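Pasting the structures here.
In what follows, subunit A forms one complex with subunit B and a second complex with subunit C.
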Partner chain A sequence: MRRTILAGIVLVTGLVVLLDLLIVNPSLGDAAGAVNELLVLLAAAAAVGGGATLVAHHARNLAAGDGDSIGSVVLLLGMAAVLVAGLRPGSSGSADPAVLWLIAALLAPIAASLFALLFIFVLGAIRRGFVLRVRETSLMAAAAAVVIVLLLPLGGQAGDWLAAGAGWVRDVPLAGVFRGLLIGIGILVAVGAARSLLALDRDDD
Partner chain B sequence: MTSPDNVARLRRAAPAVLLLVVLVVATMLRPGAGTLRLASPDRSHVDQLRQAIGDLPSEALVLIACDGDLGTYPEIRATTRAAIEDLGAHGARLAIVSFTPEGRAIAAAERDRIARSGAAEPPADLGFIAGAEAGLVRAVSSVVPAAAQGPTFDAIRQRGGGIGAFDMVLIVSGSDISARSWVEQVGPRLPDLAMITIAPTFLDPELEPYLRSGQLRGLLATLREGTAYADAVTSGPAADRGPGIAPLPMLVGMLAALAALAEAASRRLARRARRPSRRPMS
Partner chain C sequence: MPNLGELAAYLVGLVTGAIGASSMRLGAASTVATLVVLLALLSLIARPGARWTAADLGGLSRVGRVMALAAESGADATVSLGSAGIGRAASAIDRFQTLAALPLLGHVADAAARAGVPLRVTTNDAVAALFARATLAGAHQRTATPERASAAAVEYVGEGRPAAAAFALATAQPHGVAMVAGSLGEEAMLLLDGVLGDAEWSLAATASASQTAGPLLSGDGTLTGPELFQAAGDLGPAGHARTAVLAANQLIWAAVGILLAGSLITWAGGPQVAAFLTGR
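Up next is the complex of A and B:
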């Protein structure tokens, strides 16, 4: 029963939004706008709820002495620092100099460092991969080596050839595989949504 | 006192430390012109984007949708700054908005940088709109905060107050909201809106078809295209754009990666060669 109600809500809201795209009608536009407003509110509530759950989880870990206490303390202090900087009286929110400093001096360098470490970790993973699964890792490493060679930032005629090769790899095999994946995912989502809307998954009730 | 353990530890760390030192030195060196080149020799994407900006009417309203993420934004930072300069040089009136929290942080930092440099007026701040793609749909009809005051805000209000008020949107794409979201959510509602995008390389296979279908008027989605574009935009001092990406450290990193791959593969092959054959002796 609950599943039927949910499917009904999804069906009605989906149809309203879809019809609004197809038909120019002010009343339909208002209804679709109201649905969209509700969705925005839902997303905001989910974000606040997610943040509150995260705080509760780490506060509980700290109280019970479970897990990584230092990590929990750092996370809670970090959240508190950004919230205080952005919400204190007189603050200009996300454009406040204190928030900008926290982002420019802490968040951005930390994120960039983590991405830079990927370089080391991927190479380490490939080394281990050669021990565990030789064929798959060899294939992956060979493909990576070819792409790296094609992207070498060389000048002159050699650089032109490499760049043309990199462009071909990007436009033909990579784009082909990627589009195939996207089309496949799209079909799966459409079929899944249609089955849900038409209540064809009643066996799960 | 150095114990054998410490020596072994130092020996293990030596390659990484050496690579780090070489990378630091490489960032300081400037090789001769022509030896190394990061900019893409294929200028078709650069020309497309420059033409889209060049076709703007005078005093055009352009929206910068800043939704990059902190992880990949360094790859497109110089290109984004060059595009903002380029739009300013064409007399566009700019406004900036974000639909992701990280994009908002980047947008606020970029506005702050432009204001501090004093070279140009920072884009009018439309702030952060919550709700991700639902927020994007809502912004089609209303994008200006009620309390916002200023000539650019007034111009947007006079043209309806939504995204449709703009002559063009420059989408700074990230992992959460990219030009794909704009093509899917805004494109059908505002089919005449010109959209151009700057995106990190990982989004290129996803966005390229939209460029070919004409749903995007311009796309710069690789570091090499971005560098070519930043080189082509010559207005304003390049130092204002912050640290650029030099080809030499990149080459050093790539050669180090190739060497590590070759070393791992050769070690595996050597181990396999040493292993005794399993076939029974006849």
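Up next is the complex of A and C:
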């Protein structure tokens, strides 16, 4: 019975959102809007719960002397800084200049420096790939080498040929592979979503 | 007293009024095409026994054996649910990959519960953490190993794709079994290297087309593109409905708590917590 009720709720809400996508109707729009508002509320509640769990986990680590104490302290201080900036009296919340400064001056550079490590990690991954499966990795490395050669910053006739070759690689084989992948993904997403929506998957335990 | 004819006229008027107040958002051809595709798809998959069976995708059949080896060597298992989450601001396909990863997590959790291997699941989305927790609970219920449930944990690592990658790199260590399943972005290599690292056996799975190379280079077993969804379907996600119910129950209680606390804070003259949380 519980499964039937759940499947019914999922089916009705899914159909409301789908119909709102296809049909412009004020009542339908209001219903779909209410469902979306509920989702925002649920996500916000889960985010608060997750944040509280994170704080509790690292506070427990600090109290017990387990794990990375410095990391736990930095994380708790960081969370406290953002919360104080966003919730202090007179603050304008997530759009407060102090919150925006913390994001622009601290979080964005940290994330950028993290992503700067990608080049090194890609090389490491290629080395590991040669250990795991030589044939596929050789093919990928060869393709990457060809693309690097095509993108060399050369001028003159040779540069024009390389640029035209790079454009052809991007527009024909690469785009073809991507479209194939996306079509396959799209079909399986639709199948998976429909199976979930109709509760077709076996609940055998 | 209204008669049957008046009632019918009223209902017809209600329907025609609703139709008259509506218009097609995508135009007639696109709307009809969408509905036809949807109906064809549903008629195709709603047939009994319409399950895709395939080869051993991603080497998932080896999970039981490698988990037993991990138990013998005293190693642990770790799973990352990618970096898109379920409640985060990501595209629908990215978030659906996290849902598709849950059956894979259930498969690994079943093996870990049977073998008595500690399992840690990490995610950068609180909603996904709830789903993962319910999946682990379901695994211990299925395998009748409630005494081992305390060895399995779900860890929320904070918001954002960089947070997932940074946490993975900061806590990198050798594992017996390691799996990354779900959507990956530009941080893919960092996350894969941090989680899979020197694991005895690893599985990398994503349907993010632009990050296909990452799993191929990093995992012993790989699921790329549509294979992620196909493998999830092949496994037969037992307890799917119960997982959703358990997670939904936790979400509802959390929402009630937030509503009450937020109302009290606002009533006491404090800041608008709801507005801050939703960015308004």
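Everything that follows uses one rule, which is that the second predicted complex is superposed on the first by the 174 of 205 C-alpha atoms of A that agree within 3 Å, B and C clash if a C-alpha of one lies under 4 Å from a C-alpha of the other, contacts with A are read in each partner's own complex, and residues count from 1 in each chain.
Note that contacts are C-beta pairs under 8 Å (C-beta built on N, C-alpha and C of every residue); 3 or more make two chains touch, one makes a residue touch a chain.
Treat the numbers as computed from the prediction; the structure is a model and nothing was measured.
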By the touch definition at the top of the document, which applies to A:A163: first (subunit B), second (subunit C), both, or neither?
first
In the overlay, answer first, second, both or neither for which of subunit B and subunit C A:S27 touches.
second
Using the superposition on chain A described above, determine whether A:A194 touches subunit B (first), subunit C (second), both, or neither.
second
After superposition on the shared chain, which partner residues are touched by A:G155: those of subunit B (first), subunit C (second), both, or neither?
first
Between subunit B and subunit C, whom does A:F115 touch in the aligned arrangement: first, second, both, or neither?
both
Tell me the contact category for A:A104 with respect to subunit B and subunit C: first, second, both or neither.
first
Touch count on subunit A, higher of subunit B and subunit C:
C
Using the superposition on chain A described above, determine whether A:A145 touches subunit B (first), subunit C (second), both, or neither.
first
Output the subunit A positions appearing in both contact lists, the one against subunit B and the one against subunit C.
21, 39-40, 43-44, 47, 94-95, 107, 111, 114-115, 126, 178, 182
For the subunit A and subunit B complex, residues of the former touching the latter
21, 33, 36-37, 39-40, 43-44, 47, 94-95, 99-100, 103-104, 107-108, 111-112, 114-115, 119-120, 123, 126-127, 130-131, 134, 138, 141, 144-145, 148-149, 151-156, 159-160, 163-164, 167, 170-171, 174-175, 178-179, 182
Contacting residues of subunit B [partner subunit A, same complex]:
16, 33-38, 40-42, 69-74, 101, 104-105, 108-109, 111-112, 125, 127-128, 130-132, 134-135, 137-138, 141, 188-189, 204-206, 208-209, 222, 224, 247, 250-251, 253-254, 257-258, 260-262, 264-265, 267-268, 272
Would you tell me which residues of subunit A are touching subunit C in their complex?
2-3, 6-7, 10, 18, 21-28, 39-51, 53-54, 57, 68, 71, 75, 86-89, 91, 93-95, 107, 110-111, 114-115, 117-118, 121-122, 124-126, 128-129, 132-133, 136-137, 140, 178, 181-182, 184-196, 198-205
Can you list the residues on subunit C that touch subunit A in the complex?
18, 21-26, 31, 34-35, 38, 41-42, 45-46, 87, 93, 96, 99-100, 125-127, 129-130, 138, 141-142, 155-160, 162, 165-166, 169-170, 186-187, 189-190, 192-193, 207, 209, 212-214, 216-220, 225-226, 228-230, 232-233, 236-242, 244-245, 248, 250-252, 254-255, 257-259, 271-280
